[in-house]
Structures are given as structure tokens and as C-alpha cells.
Amino acid sequence: MLLHTKKILEGIQDGLISVEEGLNLLKKDSYEEMGFAKLDCSRKQRNGFGEVVFCQGKKDEHLIQIFQHLYESEKEVLGTRASQHQYEIVKKQLPDITYDSTSGILKITKEHPLIGNIAVCTAGTADISVAEEAAQTAEFFGSRVNRFYDVGVAGIHHLFSKIDAIREASCVIAIAGMEGALGSVIAGLVDVPVICVPTSVGYGANFNGLSALLTMINSCANGITVVNIDNGYGAGYVATQINRLAYRQQSDHTE
Amino acid sequence: MLLHTKKILEGIQDGLISVEEGLNLLKKDSYEEMGFAKLDCSRKQRNGFGEVVFCQGKKDEHLIQIFQHLYESEKEVLGTRASQHQYEIVKKQLPDITYDSTSGILKITKEHPLIGNIAVCTAGTADISVAEEAAQTAEFFGSRVNRFYDVGVAGIHHLFSKIDAIREASCVIAIAGMEGALGSVIAGLVDVPVICVPTSVGYGANFNGLSALLTMINSCANGITVVNIDNGYGAGYVATQINRLAYRQQSDHTE
Amino acid sequence: MLLHTKKILEGIQDGLISVEEGLNLLKKDSYEEMGFAKLDCSRKQRNGFGEVVFCQGKKDEHLIQIFQHLYESEKEVLGTRASQHQYEIVKKQLPDITYDSTSGILKITKEHPLIGNIAVCTAGTADISVAEEAAQTAEFFGSRVNRFYDVGVAGIHHLFSKIDAIREASCVIAIAGMEGALGSVIAGLVDVPVICVPTSVGYGANFNGLSALLTMINSCANGITVVNIDNGYGAGYVATQINRLAYRQQSDHTE
Amino acid sequence: MLLHTKKILEGIQDGLISVEEGLNLLKKDSYEEMGFAKLDCSRKQRNGFGEVVFCQGKKDEHLIQIFQHLYESEKEVLGTRASQHQYEIVKKQLPDITYDSTSGILKITKEHPLIGNIAVCTAGTADISVAEEAAQTAEFFGSRVNRFYDVGVAGIHHLFSKIDAIREASCVIAIAGMEGALGSVIAGLVDVPVICVPTSVGYGANFNGLSALLTMINSCANGITVVNIDNGYGAGYVATQINRLAYRQQSDHTE
Amino acid sequence: MLLHTKKILEGIQDGLISVEEGLNLLKKDSYEEMGFAKLDCSRKQRNGFGEVVFCQGKKDEHLIQIFQHLYESEKEVLGTRASQHQYEIVKKQLPDITYDSTSGILKITKEHPLIGNIAVCTAGTADISVAEEAAQTAEFFGSRVNRFYDVGVAGIHHLFSKIDAIREASCVIAIAGMEGALGSVIAGLVDVPVICVPTSVGYGANFNGLSALLTMINSCANGITVVNIDNGYGAGYVATQINRLAYRQQSDHTE
Amino acid sequence: MLLHTKKILEGIQDGLISVEEGLNLLKKDSYEEMGFAKLDCSRKQRNGFGEVVFCQGKKDEHLIQIFQHLYESEKEVLGTRASQHQYEIVKKQLPDITYDSTSGILKITKEHPLIGNIAVCTAGTADISVAEEAAQTAEFFGSRVNRFYDVGVAGIHHLFSKIDAIREASCVIAIAGMEGALGSVIAGLVDVPVICVPTSVGYGANFNGLSALLTMINSCANGITVVNIDNGYGAGYVATQINRLAYRQQSDHTE
Amino acid sequence: MLLHTKKILEGIQDGLISVEEGLNLLKKDSYEEMGFAKLDCSRKQRNGFGEVVFCQGKKDEHLIQIFQHLYESEKEVLGTRASQHQYEIVKKQLPDITYDSTSGILKITKEHPLIGNIAVCTAGTADISVAEEAAQTAEFFGSRVNRFYDVGVAGIHHLFSKIDAIREASCVIAIAGMEGALGSVIAGLVDVPVICVPTSVGYGANFNGLSALLTMINSCANGITVVNIDNGYGAGYVATQINRLAYRQQSDHTE
Amino acid sequence: MLLHTKKILEGIQDGLISVEEGLNLLKKDSYEEMGFAKLDCSRKQRNGFGEVVFCQGKKDEHLIQIFQHLYESEKEVLGTRASQHQYEIVKKQLPDITYDSTSGILKITKEHPLIGNIAVCTAGTADISVAEEAAQTAEFFGSRVNRFYDVGVAGIHHLFSKIDAIREASCVIAIAGMEGALGSVIAGLVDVPVICVPTSVGYGANFNGLSALLTMINSCANGITVVNIDNGYGAGYVATQINRLAYRQQSDHTE
């Protein structure tokens, strides 16, 4: 919103834009009203991140319309937390769609170069579904990703055998359930931001991920931030923002 | 209770003990009624652990009576969570009493040999008060203690520089606030029980130690158990039980 | 990790080990990379506890590979929280595997002598599934186990009728849901460590075991530590560590 | 309210009571408006329990007025959770008032016979302040009380040495902080209602009494009910209700 | 336990009881070991309350054995929280068993006189299943019960139309979910104990009954105690204890 | 209750009403006893809001009886949280009933004029089911409703494009899950009451709506009040009360 | 914001407003930048509610500046949660300021007519400070207020004696701590919105007002909404919004 | 740790480093043992972030030693959460130290160029102390900072008047208590990472910042991560990491 306020006002002053149209531009700022939802189809043009579909709980007919709409607009589309059933109904309309049952990612993706380096680490094997959501999100948005799975702190030699490779990333995503200490240890060993994703993996007093969330929020290590429980998508998004800042053309930020 | 039931019954059968006296023995089982409290003065004889005084919140006159009573009975006495004020009022009665303001330990102790090896580790410097409660409790009960402070996982090389020495213990006490991950990392590196003590150190979402408690209870590492927040005394007690089991005479358990 | 750092460095100095190999040894420290997981196959040799499989939530193909791998390496294997379905698919590959539907234990075990004495106590009959996970874990690791079920404090004569036998153990596991007071009472009656396992048994304000967890963590009794809700495995593991310390050869710890 | 509805209506029908007065009687039902509060001065006549003053947080001038008002009406008055300061300001107006600093009870009491038998038990010495609030409340309302302090379950022989005397009560009040298991054990040993009072005594994960409250609410023992944390007054009130039911004249309930 | 300690000791002294037998009597105190459980078959003789079966979660074969055992011993048996399936399997062994699907009560009951008067009140219709568990438990134990359903405080004239009948009870059970205020209002209108049962009825921020539990525990009204969420059985049990105290023969408590 | 107390008393005084009948009128105040429930059939006459049926969890036979009873009395009926199954069984008795599977609304409605203007806003598409419960409830009670869906604050231009229309309402309902910030932003932009409905939409640390509830309760914006999680009905009811106050005849409140 | 977008754009088109000025108007929308804060001085003109100062925690110099600034602009000013100290320092600058120590209200107020009728009810006397914050806020904004204190549900005849007067309000504010049931009972007796304010009054399991908040949010009664714990100001604000809607000139909303 | 493992091993192989020294290098990795703490004095050289002192709770003598030690090593030093008292005692040793009472920052800083652009935004004025901790931390580490205070969403035109300036940052820190919605709105308006800091500002159901933390963790907006309640330091640290990545020399990351 208000992205181009000044230009719109100048257009009105110059008579190039009518008051009605100016009002529309100020108000509407480019989304598409679908009745049940509003799609932000210009977002990719604006900031390089197309709109992503959170599939879970969406009605079948809505999901199909949204996927079609975004695909037509962008020739690529990414959905998260999709079920096998949702894959099958969307596939009827978009036969090129692919589905990864581990992460629940449903997507059609164009070929595009990958830049930078994001390290995606998990404490255990049960965290891989969240990790793949993070990794594939980052890849969809154009980041190169390296995966380091099952490097939890209870067997810390697993982590140390990989630490040199992890250190090469512009940003690390640390994914862990149960006691969630992975992020603290990694942040003590690298110099870049560590985005922590608590997972609901575990039982008993893990309280569906609350335990790991609290561990991560309370970390003594420098350089840690946290996203919601199981929110691989959110971590992949922020990691891409950071990765882009680190690898964009220097001309972008000469002062 | 019921420790010697059979012997008491045999004494009755043999006429050596009257019914009244047998009833007394079965019921009373050796504690001393002080009106406001019941002191278990035979505990040291029975299991080698004298009764310890939790000073916090005790009234002055009660505290003095309890310390005098235990000192007369045992010639040594240990109090935890004592204030400077409590130290001063007890000192008037028992001039030999010593006080450590870091841990709040108030004690008179006899010379006795120390056995075994307990490692007391803290994540940060703010955890030292709890650590000293644990360490001095274990020493009072006859265990040799080694201290490893400020070895938290956010700077894991601190821990690694001490790990060989920690490995020599029969039992490790891992004390940490904030994210509380210290125990998990240590338990992955040693083969003996790790007793975790969450501390209330921290701020914000540490919720006065709940965060560290949950981290520890949810640890993926093998060999971990947990005591209450800030309960250094409890950890020192259990560690001594384990240390004694490990270092008692072999003749004690030939099968 | 770093177990034999000095020996490796000496090997390099002596020209027996190349820098590359030394680097490998320092980093890898003996785990097997399976892509989706890292198996610690040398653990049994190192500390006498083989790697145990947490079956719940594992994918079928992963579970089969892990069981086969561990069985080939050790000729025995223990899995916890396995379902009937998991039993059936593993059985196709490893026909000797046995399954206990009460505890969810899936195992092949070699004959080996049992040492020492661990007492496994439950408050009610509904806690038996957790108790069997604890007991069978301890037995798999070589401990002798005695079971005392349905001895909860609401009918305290049940407990007293067994207390003499419980007192013979080197370590007690106290398992209880609902109000979880069993551990406090036992710890007041024995002189060895009591490992408490809160269970999710109950309803209403038990909050899936949180109530019992808090009861146990807050126990006034000396000698108590706590593991996660329903974590029979963890209790069986620590109890075995303590039992081994109590019953190892005296020559192991002459000072 | 509506206690005598029928009688009032009959009075109107008979012309003995005007409509206005009947309306008043139906609405007002005997309380005294003090502006800042409404005092129920006829309660003692109605059900044998005079209005009791919760002193904590009351303004000085309000407290004095309320005490004077109730004393004038009843010639006795009971206040709970009073501070030393409140005692002093009330004493200026009512020189006969007495204050117990342990329980915070502030009272003038008439001589009256005590009936029945209520057992007030505490787990530790720190629970005594709550216990005295319960006991003195019950005594003020005419119940005979026996006190059993420091009989917590971690040293269960303390409890057993008193159990025969506890069994003679018509109702037991079990007061405990920390793990709060006292009520469960007692309820398994007696046949009368056990009213549990969790206390805020403890530290760490006791969460100011929540832990003890949950323990008590989840008790497996039959015959247990629970009141608010530290609510000795409430327990003393209900215990008196039960004690009166048990000891009232038989003629009261012939069927 | 210890019920007859003195008599046993006298028997030993007199040579009527051997030491072995005395030891047995002191320890065993009359329960029946079933392997998976311990049944207290003499309880009915001892205190007039037979052992009741909590059916939920019990294995089929265990449930059948327990019902048979108790029925043979007492000629009546009560089970709570039974499923339709459990009813069917038990019915094959005990054809006289009856099942109430609203409350989940499974029972065979002998004819016996009902005494006294317990009022069971619910706030809404959804609380009736818990109310029936309470009411039928009290009836099984010999209490007369009057039911007052759907008298919640949001339509307080419902309650007032019944208040005179409620006032005749020796004890009131107030059952409510959601905001749980029923107990407070009733306790302000009656002079006998009000046992509150919070229920899990509701949605959203009711947190499965926690909201109602907190409301009841915090009630300002005099005479209120609380049991666990949905614990109709527990309320029925205590209400019966109180009802018996109120209606027992006067000769029982002459002083 | 007490609605017409004075008139009843005057009737008695005048001999027009007998005492018995007066007593009845005072107590009963017009509800219909159905055994399992009490229906308030005169409510619509009294305050313009007929009784609404909360269908969830009701037994089939009860639901049918209640719908029939209310329909006969009012010729219209509204049920919330109905399932497809409940629709089908009620439809057999009341063929005119209609069902909206999005909101779970089951109703027969008479034609009546709609007054005023209520704005129903949602943050996302997943909140629409709650929004429809609110909107259709308000419409059933006679309010005109405008819907503004998917206007959450993460894309604030969606909201701004609609803000002029929202400003025309007499009352706004703001419905949001996850972070729940919609209400705060709207309340800063309008001058009328904003009723916030937190929804259980989300995952992880949303804790089934608790997160949104806390956000809304803590809003810094003026003019916000909150109802229970997912309680569209409650919001629609209050909004109608406010809308009626704003649009009632001026003669209603001349002073 | 955007209040007059169209008019601004037309001004630009007509050449009456420059682009720069239009941009300013769109962005700034009339607040005053004070460095440490932004004051919305035109709010009173815009919607009839002047900006109110939340005094608690404000620095002395900031508080003085804000009071002066608002007073100069409006000739009246209202501050909430002020301390005695804050009163004294502000009084030096604004000698006409008055302070109410019960509510913490600090204000200078112009004479203005009061309209309508808001009923402010409390359960107990300890809730009066919150009630006065609500009442005086509503009065400052021009509403007539009637106070009904100490009408809690545990003595429900207190409430009934006032119910006819409460029914005359356009809106009720129900303020209660502890069990918080007051709102539910009132909402069942009146036809207008009931705004509930939970208070932190109480102890133990009231959890500083959480208990009362949950009670109110879960109320079964129709017409209830809730604000934050102790938020008398918020309730007074919304009540005034409703009161104004009910009493504004009919011409305001002819359709 | 292990930063230069390979180089150390090569040194050993080449005879340049003895085994003992190599062992030391591998283990010690450059920290300074102070007995009560371990200072990482080479950190600034290693990664450009010197060690920062968390002053709160440190003992006077420890604090002085640490400040002296770090100042001698770096000629600059930063302390957070310092009290006035701590400032005074440190000033005696380091007269050049400066103290900011708003943020609690205690520092001596060298002149160094500032790079990039971090926007620090607060919802209210009470959040400024946390904001200054964040801003001054970032400045100490070499980042240029722009401050935008009191731009909370309840008056969203405040935010919009500043949004163009905020958009120029490489990273935004959004600081808010109460409902905490600021981050969601900003993240919808910018394309760079938004680091959210919940604050403990507020009262009632804010639960000391938990409410704001949950709001932020659950944000629907893309690009949000969260740090601990009141953790301005942590946010300033991560923001600097991101700012450095965005503004480092291009030559650093040519691929």
C-alpha cells in the first residue's frame, strides 16, 4: 500500500489520472478479489516472492481455483501442507503439478538459477518433514540449499563432522523438537543468523512443540531468532530474504 | 517404618518386649516431636544421611532450636537457603557455624574422608549459587566434588576443554537456566547418569525456570533425569547416593 | 567425540596416521550415515549400551533398514513404541523378532547374564505399559528387574506388603499417573535413588501427565529424580547405569 | 433469598403486609448497606455461621467500621488474613480483640461449647499458618479440632504414629504444599471426607501452589475434595458444616 | 493398615498367633493379588463402600476377571466409564449386568434401602452424563438422590423454581462446564456442603474444563469444595460419606 | 425472574391471584420443562431474541424434540454447530429446514425486515465459518449485515480498500486466528464498538485460539471487547443488541 | 487515516492542494510528534473521545509535558493509573488537577451534560477501584453512570434488590474477580450488552485474574463481551460508545 | 572450536606443533579462565562481535573485573541491563564509561564508521527502553540505526507517515508489548526481514510479555522472526549480522 502514493498524486495533478482512478489505485493496490479470498498477484513483480498457498483446511473447489489462478499468472505455484487428496484433485486441472509426501509440498516450478547458500539442519529424522518444507520453499524462491539431517546435540559428533560445511552458508535454519537445543550450539559455532524452527516432534512434556519453542526463545547464544512451531515455510522465506541481501549485486547498495 | 517388624514381633513372642512397647516401636520409629516439627534424629545412623534443614521461611526461634538439636545429636549440621540474618542469629548459639553467601549454605561439619567423584557443571556464572548448594551438599554427605563452571553450549569449546575431566566422575550434575541444553550435550559425551538442575536464571519467556525444566525433561539424550528448579540440594543428595553405590566395598554386593 | 584425541595426534606425529585420516577420525567418530539417519554402531562397544530404535512415527522402509542394520551389527536389537503394523513388517525381514503389545517393545535379544536388582513399581494397573517399557529396557541392557504393580498410595497397605522386597534394589523406578505421589512415599522408605516416571494415565485436570510430572518434580522426599511423561525407556536406561555402577567389579574403581 | 416467600405472600393476602413492604422483604432479604459493602447481619441467626471478614486489602476505615458493626450485632467477630497493622488499628476501637500472627486471625469470640471432632493435618511446618486459619475458623464456628502437624508422606511413619487419632474425626483437613500427596494417603486410611488445602509453600515448579492443587484434584483416593490454594478458612467452614451434620440432634433428621 | 495392630500383637504375646502369621497380617491387610491388579475385597465389610471399577482403558480379559471376582464376592458390582463394547463382553459372563449409555455406568445392584437426600444439579443438558455418574454412584452406595437438571445461572429463574427442594438435601452436588458458576450461586442459598464438579463441556477457552475448575476453586461462596473435571464418581462418593454422617444412628456418636 | 414482582403482589392483595398461584408465578417465570432441558419459550416475546439451539453434542432424539418444540412455538428456529447428520434427521421432521455446511447453521426463518448495519470482517479465508455463524445469527435476529472477508493485517491494503464501507456500520465484528491483530487495526479506524472473535485457525503456538484471544484481550486500541474462541454466535448476538440500540425508535429513550 | 482521501485528491485535481501538501495530509493525518510520543490532538474533534493518558510507568518529565499539551489543546484531560507522586508533580503545573486515590484517576474536566445510563456493578468491595476507573472514564466522555457495588452472586439477594435499577441502563459493566460469575447472572436478567471486566482480586488459583477472565469468556449467557483484566478504562470507553449509539439523535441514522 | 583443525594437524605432522600443544589448541580455542567465568577475548578478531556483558545479577567485584578485562583487551566494552549502582562502581575504575538510564546500557565505545541501515520501531513509548537496548547494541557493532517510536497499529496513520523511511532499511526491528501486532503490519509493507521483540509492557492478561510473544510467533505475515521478551540486545545483534551481510564487499561472495 502507498507504494507509489507520490506518483499517483502527481498523475492526478497532471490530469493523467482521474480522481476516481487515483482513489482506486490508492485503495486497491493490486489484489484480485475471488469472493472467498484476495490474491496478491503482483507480489512477485513487486518483491520477488510470489504468493504461496497454505493448503491445509482449504475447500477443494477453492484450492483448485487458487492454484489455477496463480499458475496462469506466474507459470509456477507453490502450496504447503497439502494432503494426498489435495494433490490428486489439483493434478486433474494441472497435470504438471508434483507432490512430496514428506513435506506436503505441492508445486509447479520454473527453471531458475539458484543463488547463495542456506544450510538446513535437523536434530533428528522426525524433523525432516519440516526441514523439507523449509528447504523447498527456499529453493522455490531461488536459494541454493544444503541439507544436514540428524545432527542433534545428544550425539554432538554428528554435528561436528558437518560444521565446516554449515559454516559456508549465509544463513542457517536449525530445526528441532523435544529439547530443541540444536540452534544454541550451532549459533555458537557460526557467524551468520540462525533461524530456529521448533517442531512438534516428541511426546509427554514436549506439549506439542512448546518445550522446543521455549528452549529456542531462551537461547543464550547470539544470532538466534525463532519462528512458529513446525513453520518450515516461514523459516525458508526469511532465510531467502537474508540470502538475497547477502548475494545481491553490490550496485544495489552503494552508499 | 516397619524396618524391624519381624524382630519386634519375635521380641514380643519371647516376652522380651511388652505389647505396649512393641506398639510404640511399630508406630514411632524414632523421630523426635518438637511440637512445630518432627526431627528424624536416627536417620544418619540408619542410612548415612543426616536430616538437613531447609532454612527459608523458618521462624527464628524454630530455626535456632532445630540447629541446636541436630548439632547436639550429630556434632554437625547442614542448612540450605539461609539468609545473612539467619546466619547471625544461629551463630549466637553455635559460634562454629559458617555461612556461604553465594549458596546460602549454613553449616558445621566434622572432618570425614571424601570418596568417589561427582562433577558439578554450570552453563553460566549466574548458575553458580545453585551449583554450590549441590556441591556443598554432596561434600557434606562425603562425596568428592569437581566443579566446572561457565561451560554452556553457546560456547561449546568451553565444555570440550573440560570434557576429559568430567568423564572421570561417577555422576554428573548439569545446572543451567535459560535454554537449559547443557545436560543433553554432556549426556551424549559421558556414560554415567547426568542429573539436570534447571535454574530460574534468565528473563522473559524463561518463566522462572519452566523453560529450562521443559528442555531438560524433553532431552533426547540417554542417561538424563531432572530435579526441581534451583534444587541444588536434591541433585547433590541423589548424586551422593549414586556415588556411594559406585564406591562402596565390593563385599557389599556379592551375589 | 574427542574420545581419543591425544592418541590420534600422537599417531599423526609418529607418521602412523595421515592428516586426512586424523581429520576423519576427529570428525566422524564412528557413526554410519544412512541418508535419513545416522546410526551409532560402535556405541555398544564404547559404553555397553547399543543404539535403541524409537519406532513411533518412523516410515516403514526406514524402520526395516534400521532394524536390519542394527541386527547385523549386534545380533540383537531393541525398538520402543512399536505398533502391531510395525511388528508385522519387520517380522518379514527378521523372523525372530518378538513383540509385546502391552509395552510396544519390539526386539531380538541375545542371551546374557543379568546383574543387580532394579525395582519397577506402578501406582495402578494402567501404568503397566510404561512399566514394561522400563523393565524390558533394563533387562535388554543386562539388569535384573523385579516388578511391583498396583501399589499406589491411596491403598498404602499394598505398598507396605512389598516394601521389604523393594528395599533390596540398587535403584527404584516409581511409575504413576493422576496424582503421582508414589515416588515420594517410596523415597521416604528406601535409601537408593528413586527414578520417577509420570504417566499420562488419568483424565480431566491431569493434563496428560503434567499433574503427575509436577507432583514428582516438587517431591519433598530425598533421592528423587524425574524423567519425561511416559518415558519408561529413559528410566530403564538410567536405572541400568546406576545398577552397573553398583555391581561392577571393584577393581574398576580402586582409587 | 426467597426463604420465606410463601409466608410473605400469605401476609399480603391477609392484609398484614402491604405490597410495598412485601416487595421490600422479597428484595432486601436482610443485609445492611454500608455504601462500600453490604453486611449480612442475619446470617448467624439463619444458618449459624456469622459473616467473616477477609481483612487483606481492606482500607483502614472500612475495616474498623465492619468490625464494629459486626461486633455490635453479634458480640463476636472473626477476621482472616489480617496484618499486624490492621490488628493495631482495630484494637483501638475494640480493645478485646486478639491477634494470632501465625494465621493472621483477628477475633473476639464468645464462650460456646465445641462439638464433634475435626482433624487438621499438615505435611510440613511451613503449612502451619494455613492450618491455623482452618483450625481457628472451625473452632470459631463451634467445632472441636485436633491438630496433627508435620506428618507429610516423605516420612510416612510420622503419619502412621498418629493415624488412630486421626481416624476418630468426623472430617479431616489435609494441608500440603510442594507435591501435595498427604490427602491421598490419608483418604486411603480413613472413612470420612478429606478436605484438601493446597498451599503455596515450596519453590520452583510448585508454581505458587498450582502443583499441589493439581495433585490433590487428581487424587486416586476416594473421599477427597479440594479448596483454593491457602484457603484454610474455606476448609474450616466446610468441615464445620460436615461436623454439624454428623453431630446434630437425631431428631433433626428423622424421616 | 495397622487397623488392628494392637490385637495382633496381643495375639502374638498370648501365643495365639505365630510371628510369621502376625507379620503376614500386619503386611497384607486383606487384598487379593490378581497379578495385574490388587482387589480390596474386604473394603465393603470395613467401611461400607465396595471397590468400584474404573472401566476406561482396561483390557477386555482383565475387566471380565475383575467383574466376576467382585460379583462373586459381593453379589453386586459397579463400573464407571464403560463403553458399549465393554458392556457386551461383560454381559456374556454376567447376564444380569445393566448398562446406562448416558453415564457409562455398568452395574449389578442388590436391593437395599436408600437413606438421606443428596441433590444433584447441572447447569446444562450436556452435563447430564457426569450427573448420572454422580447420582448412580451415590444410589449404589445407598443414598437417596434428587436430580435438578438444566438450572444454570444464565437463566437463574430455572434455579429459583427448584431452590426449595434443593434446600432439603444434606449435601448438594453442583455440576457445570463453561463458566461453572452454578456452585457459587447454590452455595449462597443453602446451608449444607456443595461439592462442585467442573465438566469438560464447552469449547474454545474452556480448555477442556480448566475454566470451570478455576471458577469453582475460586468461588467466593462459603461451603464449596471441588473434585476433578468430569469426576461424577468422586462427587457421588463424598456426598454419600456426608449423607451417611448426617443420617447415621445417633448412638454412633454420643460423646 | 422478578420481572413483574410488584404486579403479582398487587394481584394477591387484590384477591385476583391466590398465594399458590403467586408463588408459582414468582418461581416459574415461564420456561417449559422437557425433562432433559428447560426451554425458554417466552423469551422472544420478552426481549426479541428467541432461544437458539447449540446442536453440537445433543442426542438425536433430544435435538428433534427441541427443534419441533421451538418451531411450533415461533414458526422459526435457529441452530448452531449442527452436523450434516443432524441436518438430515431434523429435516425428516421439519422439511423446510435449511443447512449451511460452512457455518453449521441449521434454520427455518420467517421473512422479517432487517435494520441497521453490522460489518463482519475476517482476517483470512479460514475464518469464514465463524464469520458466517456470526453474520447469520445477526440476520436471524433482524440485523442487516455486510461481509468483508480476507482483510487481515499482513496485507493491510486489503483492509484499506474496504475501510469506508466498514465505517458505516453501527458495530464491527472482527474475526481472526493466528496473531489476531485485525481488531486492533480496525478499532483505530472506526468510532463504533468492535467485537473481536478469536478463532482456532492456525497451528503450533496458536494453542487452538489462545494466542488470538490474548492478542485481542490485550489490544491497545479503544473500543474493543472480546468473546470466546470461535464464538461467532455470541458476537452476532451482542452486535444485534448494539445495532438495535442504535436504530430503535427515538421515542424509546426520550429522557 | 484516509478519512478524507477523496476530498484531498479532488483538491489536488482542482489545484487547491499541492502534491506535497496532499502527500502530507495523506500521511500525517493530524498527530503531534513529541519525540518520545505522538499525540492525537484532533481525536476529540473527530470522534468525540479525547486522547487519554495511561500514566503508569511514564517518566515524570514526559507525563508533565503530555498533560500540559493535552490540557492546552482541550481544556480538559484524563489520566488513568496515576500514582500519588504523579499527582503531585502534575499539580505543580496544573493546579486545577484532581486525583482520586481509589481509582488512580487524575483529571481536569469541563462541565458538560451527561446522557443516557450506564450501570457499573461489582461483585465485591475490592473491585471498586476498577469500577471507579470505568465509571469516571464513562462520565468524562459524557455518560451518566449508576453504581451498584458488592452485588456478587454468592449472596444473590444483594443483586436482586438492585436488578430493576440495573435494567434501566443502556449497557451494563460487570466487574468481578475470583470466580467472576457476576456477568453471567446479570446477562440472564437484562436485555442490553454486558461488558465484563475480570479483576486481579483474589489469591491462590485466581492467577492474578486469569480465572475470572476465563469464567467470563466462557459464559453461557447471551450478550456478554470481555475486556482485559482490571481494564476499567476500556469498559468505560466501549460502554460510552454503546450509550451514545442508544441516545444519539434519531436524525443521525435515518436510512 | 575446530576452526582450524586441519591446520593444527598439519602442524603436528610437520613437527611445528607438539602433540601437547596441538591438544591444547584443539581443546582450549582461546578463552580466558577467570574462575567464576570464561571470557572469549578473541571473538572480536574472529567474527567482529566482541563479548558483551549481561550486567543484571552480576556481583560487584565480578562486574568490575570483567569490564576491566574486556576494556584492556579491546579498548571498548558494552554492558546491558546495568543499574545505576553498577554504573557508579564501574565508573570508579573506568572513568570514561557512560550510562544510559533508559536502556541500562553501560559502555565505552571507540569511534568507528557505521554502515548500512537498521530501522528500530516501537508500538508505544513504554517500549523505548527495549528499543534503545537494540539500537545501541547495533550501533556498538557498527550499524547505522534509524528510530521510529510510538507507531503502534491502534493508530496506524502514525506508522504510515514513516513507512517510506522504514522501507529503506536492510532489516527492521519491531518492538511491541500488549497485543504485539506491529511486526505483522510492518512485514506486510516491507521486503526485508522483520525481527520482532515482544516486551513485558502491559498488564493483566499480557502475562509479562507472553501475549505479545504468542502474537508475533503466530504472525501470518511473511518475513518475521522473533526473539525473547524484552531481548533488545538479541535483536540488535541479529540485525547487525543481516546488515553486514547486506553491506559487505561484493568480493566477499563472488561465486
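Letters A, B, C, D, E, F, G and H name the chains as they come in the text, with residue numbers starting at 1 for each one.
Here, a residue touches a chain if its C-beta (ideal position, glycine included) is under 8 Å from a C-beta of that chain, and two chains touch if they have at least 3 such contacts.
In this text, all values refer to a predicted model and were calculated from it rather than measured experimentally.
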Report task. Could you run down the chains that neighbour chain B and chain E together? Result -> C, D
Query - Centroid comparison with chain H (C-alpha atoms), farthest chain - result: E
Requested in this report: Identify which chain pair among C-H, A-C or C-D reproduces the interface of B-E, meaning that over half of its contact pairs, matched by residue number, are the same.
Outcome: C-H
Query raised in the report: Using CA atom averages as chain centres, what separation in Å is found between chain D and chain F?
Result: 41
Report summary line: Taking each chain's centre as the mean of its CA atoms, chain F sits from chain H at a distance in Å of 49
Report task. Find the geometric centre of each of chain A and chain H from their Cα atoms only, then give the gap between the two centres in Å, rounded to an integer. Result -> 25
Query - Residues of chain C touching at least two other chains - result: 1-2, 27, 155-156, 160, 189, 204-206, 210, 213, 217-218, 222, 228
Query raised in the report: Which two-chain combinations touch?
Result: A-B, A-C, A-F, A-G, A-H, B-C, B-D, B-E, B-H, C-D, C-E, C-H, D-E, D-F, D-G, E-F, E-G, F-G, F-H, G-H
Query raised in the report: Inside the complex, what are the residues of chain G that reach chain F?
Result: 1-2, 46-49, 115-116, 160, 163-164, 170-171, 189, 191-193, 195, 213, 217-218, 222-228, 234, 237-238, 241-242, 245-250, 253
**Report entry** Complex contacts: residues of chain D adjacent to chain F
**Finding:** 2, 5-6, 9-10, 12-13, 15, 18-19, 22-23, 26-27
Query raised in the report: Hey, which residues of chain D end up touching chain B in the complex?
Result: 125-126, 128, 149-151, 155-158, 160-161, 201, 203-206
Query raised in the report: Can you list the residues on chain G that touch chain H in the complex?
Result: 1, 27-29, 31, 36-38, 40, 56-58, 62, 198, 200, 208-210, 213, 228-231
Query - chain C residues within the chain D interface of the complex - result: 123-124, 152-156, 178-181, 184-185, 187-189, 202, 204-207, 210-212, 214-222
